[in-house]
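See the structures that follow.
Look at the two complexes coming up: subunit A is in both, with subunit B in one and subunit C in the other.
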Partner chain A sequence: MTPRSRPLPKAKAISCPNCGGTVELRGLGTSLHAACVQCLSILDVSHPSVKIVQNFENAQRRTPKIPLGTRGKLKGKTYEVLGFQTRAIYVEGTEYTWDEYTLFNPYHGFRYLSEYAGHWTDIEPMPSLPYSSGAGSTEVHLREGSGTPLTFKLFQTAVARTVFVMGEFPWRVHVGDEATARDYTAPPLSLSEEVTGNEVTWSRGRYLDGKQLWQAFQLKGSPPAPQGIYFNEPNPYASPKSLWAITAFFTLALIVLMIFTWIMSRNERAYHGSFTFASGAGEPSFVTPSFELKGKEDNVQVELKTDLNNDWAYFDFALINEDTGVAYNFGKEVSYHYGRDSDGSWTEGDNSDSVRIGGIPGGRYYLRVEPEMERSASGLSQYALPKNIHYELNLIRGKAVVWPFFLVMPFLWIPPIFSSIRRFGFEAKRWAESDPAGAGAYSSSSSEDDDD
Partner chain B sequence: MTKLHAIYSLFLTGFATYLGYTGFSFNSGDEVRNVPRSVRDNPGSYRSIYSNYHRYSGGK
Partner chain C sequence: MQTTCPYCNSILVRTDVDLKKVGQVSDYPEDASPIQIGTEGIFENQAFVVIGRIAYEWENGGWNEWHIVYNAGGNGWLSDAQLEYAVTKQIPWVDSLNGQLAAGTMVDVGGKLYTASTITMANYRAVEGELPFEFWDKTVCQFVDLRGHDGSFLTIDYTEHPPLLFSGRMTTFEELRLKNYRIFDGWQP
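And then the complex of A and B:
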């Protein structure tokens, strides 16, 4: 008969020597202390003659969220809730309490549940003791089996005090018991070290979803909603490492493809000419000799180099296909001004500029050019003298285009940056509550001493 | 998420490569069809829709 298929033994009942109420003992001789659910007196049940260890007048009663005697399955094993205690720490004058449940299976022993602000942890005895990196280290390591040791970071040090007890416990529990508790975390796992006098107890926990727990114990209603971020709560946001690896790969790919595109671009001068333009001296437009634009669809860039001096000129272009009669109209203003004012010297524009149009099919073309500029700086055209400018015109076929690579690069980085911010934001909130040195924590008795 | 990001990155890289390789420009000029051959001999007879509208507006 396997442990799973064996029936769970029934509870034994005793009378409370304080109130006479019935105290059920489910621990089958493993419990040392039990608290009467009626009068809350703590009884020593390790001997046949039950003795009162502690009793209380007008003790504040607390109701466990999982009632004593409830049975549920954790990791495929049936456990029964034997005991319930509330413990507290005091940080900067504020009491923080959490609940602990003692679970028992006669074939598998004890395990525990703790609950703080809707966050549940399944706690079980340690298979092996952790080891520290060295004196003063805030990390401990736990090796289980032949795997890589897990590293746990110290999250909090505090003096934990037992403030309420109900049910059975496998240790001699008292209200007012104090222990120095250190919590280490490697979400969703946690390690807790409790020091009482010369005794050190370690336990290992795993964060538990409240809804799963409610299902496991078939509890009515829904579990309390978790508040805030708990010290061993798993980060709901996945590690961005893989996103960064993908981004790094594609960033490299973009750079390589950009260089490849730049090398492979035609970047060929299809036409070059030098001209002089005199404003107001007859018809300004002219056409260039025909030239060949090679390849299929590609861009064309017209580069203008002028001797403009505190002046501007506008160039109207029509790139006309000799064979098809299709024209592509575009223009470019070139302006170059400079001077000096109360702010000092200034310049604006440049006497060289360029314009690019895309999607031009290959073929024989000629360029119609129509320059335009004011006749004189005075603006009084009837008295103005014609002005001359000299300019060079270069027509480049298949100019390398690299801006799309720079354009998409930030979009490539958005997902890992966003993912990292979310993940590290969660961790920052978690660790904002950390107090590894226990600087803000003190025991209730020391606080009372301080008050005196 | 990782798979989605890989697809997204592949799309962006492919898009950038396509634009770069084809020499894409936002300005593709204003296309006019059936321009008469006489423009070659008489350039003044052709006026694009933008000619003679330009007035300089720059300068400090």
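And then the complex of A and C:
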């Protein structure tokens, strides 16, 4: 005599008591209900005597995108598709449907796939219950292992109704089953709470790329293209945090460099003179006494302070090296106008201005100055009189040049600002679809009543 | 101590040295658990072996409570409910669990918060192997499962007074590093 052995469960086929068609049972005895693929009748297969639970006439048939019986690998484990159901929610009178697939491994148990508009989520039961920080909170926290708890935000509350069933389920599924479903998200992760009667079931999900899934299950063709933004879809734009940190670092470096430039600049007056210019009175050009430009190569800034009054003057300069005769030519127009019109008073330009040239070697120099003016300030040129202006010349050697720093800084900030706008734009679109209180769902049921 | 005769399926109760036939195990319906008597595993660094089981069934399926004995001494239970696994051991009754528990009720047990998740009216379906108590003729019994926020798990068995309390946590097939489990046609773990 040998010990009685436990019969080893096997995949098997029964005939549907409704239509006589073949119903495959792949769940090795874990399935409670199975819907016949031919006539869609829901059968109780939890006992050897199979009973019809529900049957339908002219039910609208839906085709699973992953056929029942297909095997694929998720998280390194093989799973077989046992069941397929379509569920629906009603928001503001519109029906939104999504599909769920029951996956089975006889050692590791069940997991589920959901698909809405080309967005897939890999769902599994969870060992821990999440907890909320207080009544009325729209966040829950989940602690797994010893790490810091993850925070999930409530995205949607809705009543989910089963509208189509095919294949096997480890629970007593019916068409018409309803559950209050709350979806929480921390992309790419999500949590779902389903409340039915007196049972509360939590599951956790992870957004799954359709292409990856097609590969994992070796499916033909390509997955449906995802439409819109899904509640647990990862934001494709990286968090700008590190970019901001880098920008802050370079901004600080730039400021330090600017202060350094300021401190290290010679910034000393090499020449100063006051002059009067009378237009049309003889040769306008003259040269200054020679002066010393210290250091090696550096810039020279000529600052002009005039008493121009609704007038302009042009100053032609040549900075000439006394020893070599090398001349550096440059010029500056100073213009200052003001007045009053229908919009009020206005001014344009300034009677002080400056011009800077760079790369001037050290040595002894003198400046050749040639001012130029229109003879008249008004349009009455034939009656114009010669006029005088007074001006001061200030020649600065090694002027601190800091404006390029201010010019560069905004450019430095473009990448993180751009990156932040993109990332937060995506989040804004995601959350625009959110309905945490299920307000849309509830208003829909009342509006449906109105329609009847 | 109770055991099932592997040859004739009689349930034997061993009280000291007397063996008394108390009942017969009904034929098993097909059952899907990969665990069997003789399965070995490791839980929290403690090696164990499965020596018996109680099979239950309820409205929403069946589950097994596998009786395990640790090599280092002591026993416990490995439960397999539709391939969701938990390891527990009996602890003394905790008064904060007195009274009626409804799904969703939160209870503080030894400073830890638990939420009642499932209320089950179950039938004994079968027993097998060695169990740490006498078989008694209970047909229907109520169970309440409670879950914590860190994977911890409590089961209350209301067949005795005070009820029996089992405490442990959820686990997975991989974590238990099982050996000598059942091999299903066409499947590898």
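The rule we apply is simple: the second predicted complex is superposed on the first by the 398 of 452 C-alpha atoms of A that agree within 3 Å, B and C clash if a C-alpha of one lies under 4 Å from a C-alpha of the other, contacts with A are read in each partner's own complex, and residues count from 1 in each chain.
Criterion: a contact is a pair of C-beta atoms (placed from the backbone, for glycine too) under 8 Å apart; a residue touches a chain by one contact, two chains touch by 3 or more.
As the structure is a computational prediction, the values presented were derived from the model and not from experiment.
J.: According to the stated criteria, A:A327 is in contact with first (subunit B), second (subunit C), both, or neither; which is it?
T.: A:A327 sits against subunit B, while subunit C stays out of touch.
J.: Output check: A:W171 vs subunit B and subunit C. Expected answer is one of first, second, both, neither. What do you get?
T.: In the superposed model, A:W171 contacts subunit C only, not subunit B.
J.: After the superposition on A, what does A:P125 contact: first (subunit B), second (subunit C), both or neither?
T.: In the superposed model, A:P125 contacts subunit C only, not subunit B.
J.: Just to be sure I read the superposition right, which of the two partners does A:P106 touch: subunit B = first, subunit C = second, or both, or neither?
T.: Touch partner of A:P106: subunit C, not subunit B.
J.: In the superposed model, which partner reaches more residues of subunit A, subunit B or subunit C?
T.: B
J.: Is A:R364 in contact with subunit B, with subunit C, with both, or with neither (first, second, both, neither)?
T.: After superposing on A, A:R364 lies clear of both subunit B and subunit C.
J.: After superposition on the shared chain, which partner residues are touched by A:K211: those of subunit B (first), subunit C (second), both, or neither?
T.: After superposing on A, A:K211 lies clear of both subunit B and subunit C.
J.: In the complex, go through subunit C and note every residue touching subunit A.
T.: 6-7, 9, 28-32, 34, 36, 59-61, 82-84, 102-104, 113, 115, 117-119, 147-151, 169-174, 181-182, 184-189
J.: Using the touch rule from the top, collect the residues of subunit A that touch subunit B in their complex.
T.: 238, 242-243, 246-247, 249-250, 253-254, 257-258, 261, 264-265, 283, 285-287, 297-299, 312, 314, 316, 318-320, 322, 325-331, 333, 335, 337, 339, 341, 346, 348-349, 355-360, 366, 368, 370, 372, 374, 398-402, 404-405, 407-408, 411-412, 415-416, 419
J.: For subunit A, which residues count as touching subunit C in their complex?
T.: Within the complex, subunit A contacts subunit C at residues 1-4, 6-11, 27-30, 32, 46-48, 78, 105-110, 125, 127-131, 142-144, 170-172, 198-200.
J.: Please give the residue numbers of subunit B that touch subunit A in the complex, ascending.
T.: 1-2, 5-6, 8-10, 12-13, 15-17, 19-37, 39-40, 43-44, 46, 48-52, 54, 56, 58-60
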